[in-house]
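Both of the next two complexes hold subunit A, though its partner changes from subunit B to subunit C.
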Partner chain A sequence: MSEIVISTADLRKEFTVSTRVGLLRRARRTVPAVAGVDLTVARGEMLGYIGPNGAGKSTTLKMLTGVLTPSSGEVTVCGFRPVAQRTRLARQIGVVFGQRSQLWWDLPLAESFRLLRYIYRVPAADHAARLAECRRLLDLDAFLDTPVRQLSLGQRMRGEITAALLHSPEVLFLDEPTIGLDVVSKQAVRAFLADLGSRGDTTLVLTTHDLADIEKLCRRLVVIDHGRVVHDGTLPELHARYDSRRRVVVDLDTPWAGRTGVPGAVVEAVEADGHRVTFGLSGGTAGELVAALARDGALRDVAVLEPDIEDVVARLYAEPAGDDRVASR
Partner chain B sequence: MGTAWALAGAGFRRYSTYRQATVAGAFTNTVFGFLRCYVILAVAATAGGMAAGYRGSQLVTYVWIGQGLLAVVQIWGWTDLADRIRTGDVQSDLLRPLHPVASYLATDLGRAGHAALTRFVVPTAVGALCFDMYAPHTLLSYPAFLASTLVAVVVSFGVRYLVNLTAFWLLDIRGVITLWQLGAGVLSGLYFPLAFLPGWAQGVLWLGTPFPAAFQAPIDILVERGSVGHRSLLLFDQLCWAALLIGACMLVQRRAERKLVVQGG
Partner chain C sequence: MADLLWRRATTPTGRPGALAGYRQLLAAQVRSQLQYRASFAMDLVGNLLLTLMDVAAVVVLFRVTPVLGGFTLPEVLLISGLANLSFSLCDLAVGNIDTMRQYIRTGRFDAVLTRPLSALLQLVCGDLALRRLGRVTQAVVVLVIALNLAHVRWTPARAVLLVVAPSFGAVLFGSVFVAGSTVSFWFIESGEFSNAFTYGGRDFTAYPITVYAGWFRKAFAYGLGFAFVAYYPALAILDKPDPLGGPRLLSWSSPVVALAAAGVAAFIWRIGIRHYRSTGS
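After this line comes the complex of A and B, so read on.
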């Protein structure tokens, strides 16, 4: 296995919350935000880290980047203990927050980039080369001299990603990088990240609620809920686990008679007076189903739909929390 | 060192982008300079032209240099850090390979540099044109004033940073800021020279609080009040406060980071 850049063992974070129980009395209780996360990420991986609101994603990210002290457990990132060696770790990682900025609000974007060169002590030539590449790939030239406060969200996010990469970090953490972006900006950001990830030398950890980000970028998906990892594997593995079905939608010349003879093809919906039928495939192939329908001579049109990640994840999130759930790997 | 200069440069440029605010600030400082100057000269006149060891021209200089220094040491209002703590943006500061205290101090020195070239120059020049100001008799007083002003900025920064750090616990620090502003105005020598107070009160303020070290010390050094030894002691007092406060900032920063949560998801 290639080099491990992130490793956690039984990582936990508990917060103490105090609630009012009387006129003056307050009761304190402990709320687990992260309840024992074991995670191993190899160099060059593109990891999607998802979960519903309050699942513990951001808390994990804060512990991995060294801004939050874990209650217990082990965590190593790029060979450093994040909190104790935060400043040294900072040189090895880049962080992009969709909802906050690391740029200098009052200064032109170019000025932020210049400052970052000094802060990370990047040799001038390396800095210039990386900036030139980001300018080209993220189309920054039009607003390089604009103060950050005047940038649109899409422009600022492209600036944020550049700012996080100028010191060529080993690991790039992205916390909802496409939140609030329009379709074109989303596509630009995703294409850039896909290109970055395909080179294999930067590890990407992406938290997002936009599952299209995950589908486009991440081969590995870690789902966290109630502070625990409930799935760790590829997207197809997730579909297999939740019995996600491909669907075949057929349009028929004559109304649906009610049989295909193909085992595993289950009728999910009949519409348009029986002229449109949706089958779920839990066995058999789309080819077998289409062939069977064609034999009957009534087939006019056919569409094959891949399983929808949103459905699977919604089902995963809706599951009640329990101690019996374990990670799949 | 390059990093410190770059951050100071950023602090300088950040403030230079707000030209109208700079002009308005310099204008206000100048207007209040006239008010303070007339009041203090009236006080001195009733005391026979001399008050608490200051001659008339020294008092004029005390007022106008003070009006200029107000923005340089920024004795009032600074909530940048508290705002970032409240919104959670402080997370970005913690993710840089720099100590946040060093980074904020360098930026603040840049801000002070900008204020020195704009907000300090205007009231001082107007004061010199309209009144008879005291010029130091020894050349050494000029570099001593510069050094003392630099340390005063560090002292003021230290207190402001500590006040802002309370946001990690309080989130809303308006009460603390109001208390600090009230204290800073009265106890730093801004409203009146602290020499007007009884000896014991002066001792308590100089030794027990950082306020005079952030404001009155450089002015007393420039107007050459007291002996050279006395003025050296003022500078020493300032250096002690600067070291103490920066140490306290580092300590509280570490406690805040270890104990507390960065706001927001």
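After this line comes the complex of A and C, so read on.
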């Protein structure tokens, strides 16, 4: 087994929030944002930490990076306890919070990068080499001299990622790195991260609501809901668990009359007065189904759809996470 | 070849020193302030007026009474001068710690915590306000005038005290500033509360503590240590016995008091930072 870079045991964070009731009285309420997360991540993994809004993803990341003190439980990242050894950990990790800038608002991007060299104490040659690499891969040159506050979101995000990598961290934490980006910027960021991850010595932990990010970047998925892990495994495992199917959509010359019996295919939808039928495959192959339909004649067109991660995730989120969760609500 | 570039640093050559980060943060801050020259100049003038008002307030008081709490005008001016110098030195360094509330409220403090530097020093370096240099100069001017009017008989010890007192006075004020703003880790809208101790403390120290009475004097003078900023050091410089009967040693106690306060402030800060809750999004 390869080296462990992140491990947590029964990690919890509760927030006490007080809400006004009446003129002066306030009611205090405890929100269990993270409710017992056990997580082990090995060096070089690309981990997608996903879950619906308010599931506790950002809160977990903040505990892993030393920003928030856990209410209870154990955390070790790169061999350090994040809060107690915050500054030492900070040298080993890079952080990109999509919603919030880590850069200096009034400084040009290039100036921020220069400042970071001193803050992280990076040797001049290493810094120059890494910056050159990021400039090339992320196309930074056009806006290096622009103050951060004048950058577009996509430009800023590329700057943020560069800033997080200049000290060549062991682990890169990304909280919604593609949020609000257009298709082109998303692809640029994704391609860059995929490349970084494939080099194998940087561990990536990212949260996202973008399912394409998950498919392109995450070899392993940890799904959390209401502060608990509800799934931990690869994308294919997730599909298997939720029995998600490839689909075959066929267009027919004559309306569908429910003739074909192919084991392992279920009719999911009949549209256009029976001229278009969608089959879900569970066991059977697309080839067998198409062959059977062709035997019956009247087959005009065929499309095969890959299993849809969006569906799986939607189903996952909708599913209750067990008894404790019901109790905690 | 790209892989080579990503290799972890092995050579220590060209590696910035441990304090370089703070130095560069300060430099960046100064540079960005110098960009706004006009407002810089206006602030200097504004600060000058404020100091003049402070002095005027003392002088006006003495038109009504020849002595104040057992002290003459030059003596009170000396106390005010020491107090203002202490405060303005502190204000220069950590006066903007007030902005911490903004950092905490907006969650910008997250970024501070993910960098490998002391969180407190990052805030200090990022918020140094050069314009406050003017106040330091003006405090020095008031102090020099007061020393001349008071006919101080100089000894080496008194000269040393004249440097020690404002330096540690600044440390004491700084501790109060830090401890006061730490409250915002728990209560985000807590501005006025801590101002009562910082700006209140400045006004308290500008007069002999003999003019105050009862629990108020005890709390501010000894509880928070403000008597050691200007009052006791001034007694030694003026070679004047303490009307309250305190021993001479008290005049030299400000380093001890200030360092103790700094210790307490650091402790509160460490607890506070663990209560930081960031923001939900």
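Throughout what follows, the second predicted complex is superposed on the first by the 311 of 329 C-alpha atoms of A that agree within 3 Å, B and C clash if a C-alpha of one lies under 4 Å from a C-alpha of the other, contacts with A are read in each partner's own complex, and residues count from 1 in each chain.
The criterion applied here is as follows: a contact is a pair of C-beta atoms (placed from the backbone, for glycine too) under 8 Å apart; a residue touches a chain by one contact, two chains touch by 3 or more.
Owing to the predicted nature of the structure, the values given are computational and were not obtained by experimental measurement.
Peer 1: Taking subunit A as the common reference, can subunit B and subunit C both be placed on it without clashing, or not? Answer clash or fit.
Peer 2: In the superposition, subunit B runs into subunit C.
Peer 1: Should A:Gly66 be classified as contacting the first partner (subunit B), the second (subunit C), both, or neither?
Peer 2: Once the two structures are laid over each other on A, A:Gly66 reaches both partners.
Peer 1: Which partner, once the models are overlaid, touches more of subunit A's residues, subunit C or subunit B?
Peer 2: For subunit A, the partner with the higher number of touched residues is C.
Peer 1: One more residue to check, A:Ala27. First (subunit B), second (subunit C), both or neither?
Peer 2: Neither partner.
Peer 1: Just subunit B (first), just subunit C (second), both, or neither: which does A:Ala240 touch?
Peer 2: Neither: A:Ala240 stays clear of subunit B and subunit C.
Peer 1: Could you tell me if A:Val267 is touching subunit B, subunit C, both of them or neither one (first, second, both, neither)?
Peer 2: A:Val267: touches no partner chain.
Peer 1: Just checking: does A:Phe15 make contact with subunit B only, subunit C only, both, or neither of them? Give me first, second, both or neither.
Peer 2: A:Phe15 contacts both subunit B and subunit C.
Peer 1: Looking at A:Arg100 after the superposition, I want to know if it touches subunit B, subunit C, both of them or none. Which is it: first, second, both, neither?
Peer 2: both
Peer 1: When you line up both complexes on chain A, which piece of subunit B, out of 39-47, 129-137 or 201-209, runs into subunit C?
Peer 2: 201-209
Peer 1: Once the two structures are fitted together, what part of subunit A is touched by subunit B and by subunit C alike?
Peer 2: Common interface on subunit A, subunit B vs subunit C: 15, 58, 62, 65-69, 83, 86-88, 90-91, 93, 95, 97, 99-102, 104, 106-107, 111, 114-115, 117-121.
Peer 1: Of all residues in subunit A, which touch subunit C in the complex?
Peer 2: 15, 58, 62, 65-69, 83, 86-88, 90-91, 93, 95, 97, 99-102, 104, 106-107, 111, 114-115, 117-126, 129-130, 132-133, 168, 199, 201-202
Peer 1: Would you pull the subunit C residues touching subunit A in the complex into a rising list?
Peer 2: Touch list, subunit C to subunit A: 2-3, 5-9, 11-18, 20-21, 23-25, 28, 32, 107-108, 110-111, 113-118, 274-278, 280-281.
Peer 1: Name, in rising order, each residue of subunit B that touches subunit A in their complex.
Peer 2: Contact set of subunit B toward subunit A: 2-3, 5-7, 10, 13-14, 17-18, 87-89, 91-92, 94-99, 103, 257-258, 261-262, 264-265.
Peer 1: Can you tell me which positions in subunit A touch subunit B when the two form their complex?
Peer 2: Going through subunit A, the ones touching subunit B are 15, 53, 57-58, 62, 65-69, 83, 86-88, 90-91, 93, 95, 97, 99-102, 104, 106-107, 111, 114-115, 117-121, 147.
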